[in-house]
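Read through the structures below before going on.
You will see subunit A twice below: alongside subunit B first, and alongside subunit C after that.
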Partner chain A sequence: MGVLVQQLLNVAQLGAVYALIALGYSMVYGIIRLINFAHGDIFMLGGFIGLLIGVRLPWLPVYVMMPLAMILTALAGVLVERVAYRRLRNANRMSVVITTLGVGIFLENLVRLTVGPETRQIRSGMPTASVAWLQGHLGVYVTWDKVLIILVSFSLMAILWLVVNRTLVGTAMRAVADNKDVVPLMGVNLNLIIAGTFAIGSALAAAGGIFYGQAYALDPYMGIDLGWKAFIAAVIGGIGSIEGAVLGSFLLAGVEVATVAYLSSNLKNGIAFGLLILLLLVWPWGIMGKPGMRKV
Partner chain B sequence: MGRIKFPIVCAAALAVSLGLQLAVDGGVFPDVLNPYYLHLLTIIGMNIILVASLNLLNGYLGEFALGHAGFMAVGAYTAALLATRVLPAAADLPPVVGPFCILVATLGGAMAAAALVGWLVGLLTFKTVGDYLAIITLGFNMIIVNAIQNLDFVGGPRGFTGIPKNTSFFAVAVCAVVTLAVLRNLIQSSFGRVWVSIRENAIAAELMGVAVNRAKNQVFTLAAAFAGLAGGLWAQNQQFITPRSFDYIKTTEILVMLYLGGMASLSGSILGVVAYTVLMEVLRNLLSAFAPQLTEWRMLISPLILILIMLTRQYGLMGNREWAWLRKAP
Partner chain C sequence: MKSALLLPILLVLSGCKPKGDELKIGVSAPLTGDISALGQSTRNAITLVQEEASAGLTLGGRQMKVRFIVEDDENKPESTATVFQKLISQDKVVAIIGSQSSKCSNAGAPIAEAARIPQVTPWSTNPNVTKGRKFIFRACFIDPFQGRVVAQFATGRLKSRTAAVVFDVASDYNKGIAEVFRDEFTRLGGRIVGFETYNTKDTDFSAQLTKVKGANPEVLFLPNYFNEVPLQVQQARKLGLTATILGGDGWDNPELVKLGGAVMDGAYFSNHYSPDADSPVARTFIAKYTARFKAVPDAAAALTYDSARLLLQAVATAGKADPRAIRDALAATSGFQGVTGAISFAGTGDPVKGAVVIRIEKGKFVFDSAVNP
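Right, the complex of A and B next:
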């Protein structure tokens, strides 16, 4: 029983991090049909910005450090969109994709050369006394980090859901996703909506990066691996759908944790991807995705 | 003055590469013709095979495949296994003929194994298009790398050591020229027309009687076979391979060279590989001339150059165009 609860907690923690990244992928894809391969590196950048704030301003509490890092990363995401993607908005899709790959390589090397290639961890400063008590009484190893990651991630996702489904900005976003040629004619500022989408996606990724840095470790190249996984999670859930991105992330995390717990950690990627490919062959548009139309 | 003919260019390229190989082996002009430049040329040759074969899928067929390094891994490990475990050592065979037979057998095995895997992947990915195809091919790349990591008899994550050095720069040049010749003739044959018709409009092609799925699988198999060839050459040139060198970072590098050169253009594939490799080396030398610790910063400059090229030339350097000698006479 204890083992199962422990594994479920691990799934929730890993899935929450994946979901925070996958949401950014999914929102950008939903709005401008762009696979932003640099998004994993924005996640990494967010983690490192959090780390640097923590190192330089150690007296800053976590609940100030985190929003600050999220805002800075959101600015970075908007900057990337402005400089590299905006001019290619109506271009051939392949050249946009290669530009996102280029931005990703640039960010990785920027962090590696300025911060250093070694892996770092973000100190969380959460109390640890209750951890031992819980482990003694319930047999479950729960740190406050874990609780915080799960709670904050879910709150952020809930806020995002409300923004997209209940506000005017969200309505504009959904309208742009539906038809980005007609909506500007209705007086919606397309550039602002797209920049806003990038900002939200990057801020969520930064939160994911900080949590990941607290729970595991940060290194300049982690964005590639986690970015791909979050992207695949978004596709499994049905890319463009918020609920789908969250669902796909927890599914991927579940498969991964189960493989590590019951088979072998070496098989983690292989089995996870094998199962997900099978799933995609059954559900070609993802679990929550809408079937695309074939134009004749 | 007539048009420059393709066979003449190929023959000239082969003659020059044989000359280079002999000059470096013989130690003529060691200042200019040194093993470092020959190594660079070898890498360029192997990358031309990889990029040109991926161009079949991404450029001519118009699919978005992201798993090319996986096929390369299959070829590399097959060739390494054949060379170390199955075939006799080159020393036991007569000179010149023996190494040649070994090279043909290992590379043939590598191509066959990679083609088989490519055919299976193609069979499974039939149903999906666009971004979904990208995910599935990427997933296969990861699965192949992960599977090799878990196979202990090929070294697992530690890598495969002790592969005999069966290839030379000249062998790579011959393979690159053969690849280009095969691809050029296929692309300009009725097969190639079918692929381009699928890229332009799959439904219209289907209505015109094209067996779309069969044609797609042909391209998958073909592209995988040539990636396997490059893998076989790579394994027997480096003499040491690890699963990590075939993961999506390698795939990204191949993609960058492909898009830099331009889609649906064999000239672009050659130009992209040469431009990327030369650019990286020039940056390395330039920066280390200023200060040795700056060498690493080329990793920051090269993606910026790539972004700049994409912003100014969306279709890459040669997109959809072809040098005259690579075109077939009308």
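Right, the complex of A and C next:
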């Protein structure tokens, strides 16, 4: 029992990090049909920005450091879109994909050169004691920082859902997603909406990066593997769908942890991704995705 | 017309002026990448040897300058292969030092062997690196010995009966030493209650460690590198695992305690030497290194230093800058006094030498016990 609950909490923590990254992939794709392969590196950049703020201003509490890092990363995301992607908005798909890959490699090397290649951890000052109630009643060791990571991630996702579904900006975003050629004619500033999408996606990725740096560790190349996994989670959930990105992330984390717990840690990636390929064969649009209904 | 253009280009590419008065030795090191801290120690050790050898060597009546060419292999097998090829065909080195990790040395060794260029790896402990090869040597002991040392330490000094292992299955070093430990621990009457794997660059080990926690072992063996071990120990402790933590020589870098802090206290690992080693060679080296680089040398630095000096001694014995003669002189080495102990090659590229067990106390590496083969 205790071990099962412990593993479920491991799934929640890993899934929350995947979801924070996957949302950025999904939103950007939903709005301008662009798969931003540099997004994993934005996640990494966000983690390092958090680390640098923590190192330079160690007296800053984590609830100030985090929003600050999220804002700075959002600016970086907007800058990347402005400098590298905007001109290519109507270029052929291959050029765009290559540009996003190039931006990713640029960011990795930028961080490696400025911060160094060593593995780093963010010392957050968050409580690392185990939650006494859980330990007493279930024999489960869960530290408070883990609980906070899960709670804050879920809150951020809830806020995002509200912004997209209940505000004017969200309506405009959904309208652009539906048809980006007609919406500007209605007086909506297309560039602003797209920049906003990049900003939100990057800010969420930064939150994920900071959590990751607290729970695990940061290194300049971590965005590659995690970016791929989050991207796959977004595709599984149905890329373009916010609920899908979250669902796909927890599903992927669940399959990974279950493979380790009940089969063999040797098979983790093999089984996880094998299952996901099977899933996509049955459900090619992803769980929450809609089949494209474009007319020729 | 075309060939008239091509000729000067070819001459430039082939480095038209052959320099006969320079003895070139290649070094393949992980200057960037996941274990770049170790690449830095490699470079520091080579810098010391380079300075000591500034007078050069007299070979066959000719004065030769010694030049080390240090290349970055990023701790990636494919980059190591490129580095070896470049050093051999372009720089025309007479010997190569490196690489550090076993997976990289395993990638470089076939190239050196085929080109008949002697290679001395300082820190690669996986048995396959030298197996069946005539030109490949190492300055360190091999994993079967190290795995046995740790297993004996666990059952003997710690008197533990149950153990779990969590290791990187994608790396030759980690996998090899984990398997030897498992076999030896079982042979000594202990029980392995967990044998879990992960992949290089993973940072979340909670699923594996939760499983290990369920089996509640007395010792947890983590034969992994210094950049990952602190995360594993932190996550294990956060899950309430109280086992004594053990490791291998892959732990030996200051980064281990910098990243892990107090959580690493009370852990043990087997190593090539201890920074409080007490031989004249070791004392001189440690003093020189500490003064010059403001850091205590790790085992990789000590072994790189030994490898380079071993090689220079072999060149002097051979009396000429000929790779085959150097190889024969290396193979005949006996009783070489290095920082990491006496090195003799008894018919293979693997030296006969002892190990030490180090205990971590308040962020410092402290000598615990010595084991001889």
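Annotations for the structure displayed:
As a working rule, the second predicted complex is superposed on the first by the 282 of 296 C-alpha atoms of A that agree within 3 Å, B and C clash if a C-alpha of one lies under 4 Å from a C-alpha of the other, contacts with A are read in each partner's own complex, and residues count from 1 in each chain.
The definition used in the following text is that contacts are C-beta pairs under 8 Å (C-beta built on N, C-alpha and C of every residue); 3 or more make two chains touch, one makes a residue touch a chain.
These numbers come from a predicted model, not from an experiment.
After overlaying the two complexes on the shared chain, residue contacts for A:D41 are found with neither subunit B nor subunit C.
Within the superposed three-chain model, A:A217 lies in touch with subunit C and out of touch with subunit B [touch as defined at top]. Once the two complexes are overlaid on the shared chain, A:M94 sits against subunit B while remaining clear of subunit C.
Touch criterion met: A:N266 reaches subunit B and subunit C at once. Of the two partner chains, subunit C is the only one that A:Q7 touches; subunit B does not reach it.
In the superposition on chain A, contact is made by A:T119 with subunit C only, not with subunit B. Of the two partner chains placed by superposition, A:E81 touches none, neither subunit B nor subunit C. Legend: residue contacts after superposition of the two complexes on their common chain; A:E256 is shown touching subunit C, with no touch to subunit B.
Comparing which residues of subunit A touch subunit B with which touch subunit C, the overlap comprises 112, 264, 266, 268-269. On the subunit A side of its complex with subunit C, the touching residues are 3, 6-7, 10, 13-14, 112, 116-121, 128, 130, 135, 141, 143, 146, 212, 215-217, 219, 221-222, 225, 256-257, 260-261, 264-266, 268-269. Chain contact summary for the complex, subunit A toward subunit B: residues 35, 84, 87-88, 91-92, 94-99, 101-103, 105-106, 109-110, 112-113, 224, 228, 231-232, 235, 239, 264, 266-270, 273-274, 276-277, 280-281, 284-285, 292, 294, 296. Residues of subunit B that touch subunit A in their complex: 58, 64, 124, 127-128, 130-132, 134-136, 138-140, 142-143, 145-147, 149-150, 157, 203, 248-249, 252, 255-256, 259-260, 263, 296-297, 299-300, 302-304, 306-307, 310-311, 314-316.
Residues 32-34, 36-37, 169, 196-199, 201, 203-204, 206-208, 210-211, 213-214, 227-228, 231, 238-240, 255, 259 of subunit C are the ones that touch subunit A when the two sit in their complex.
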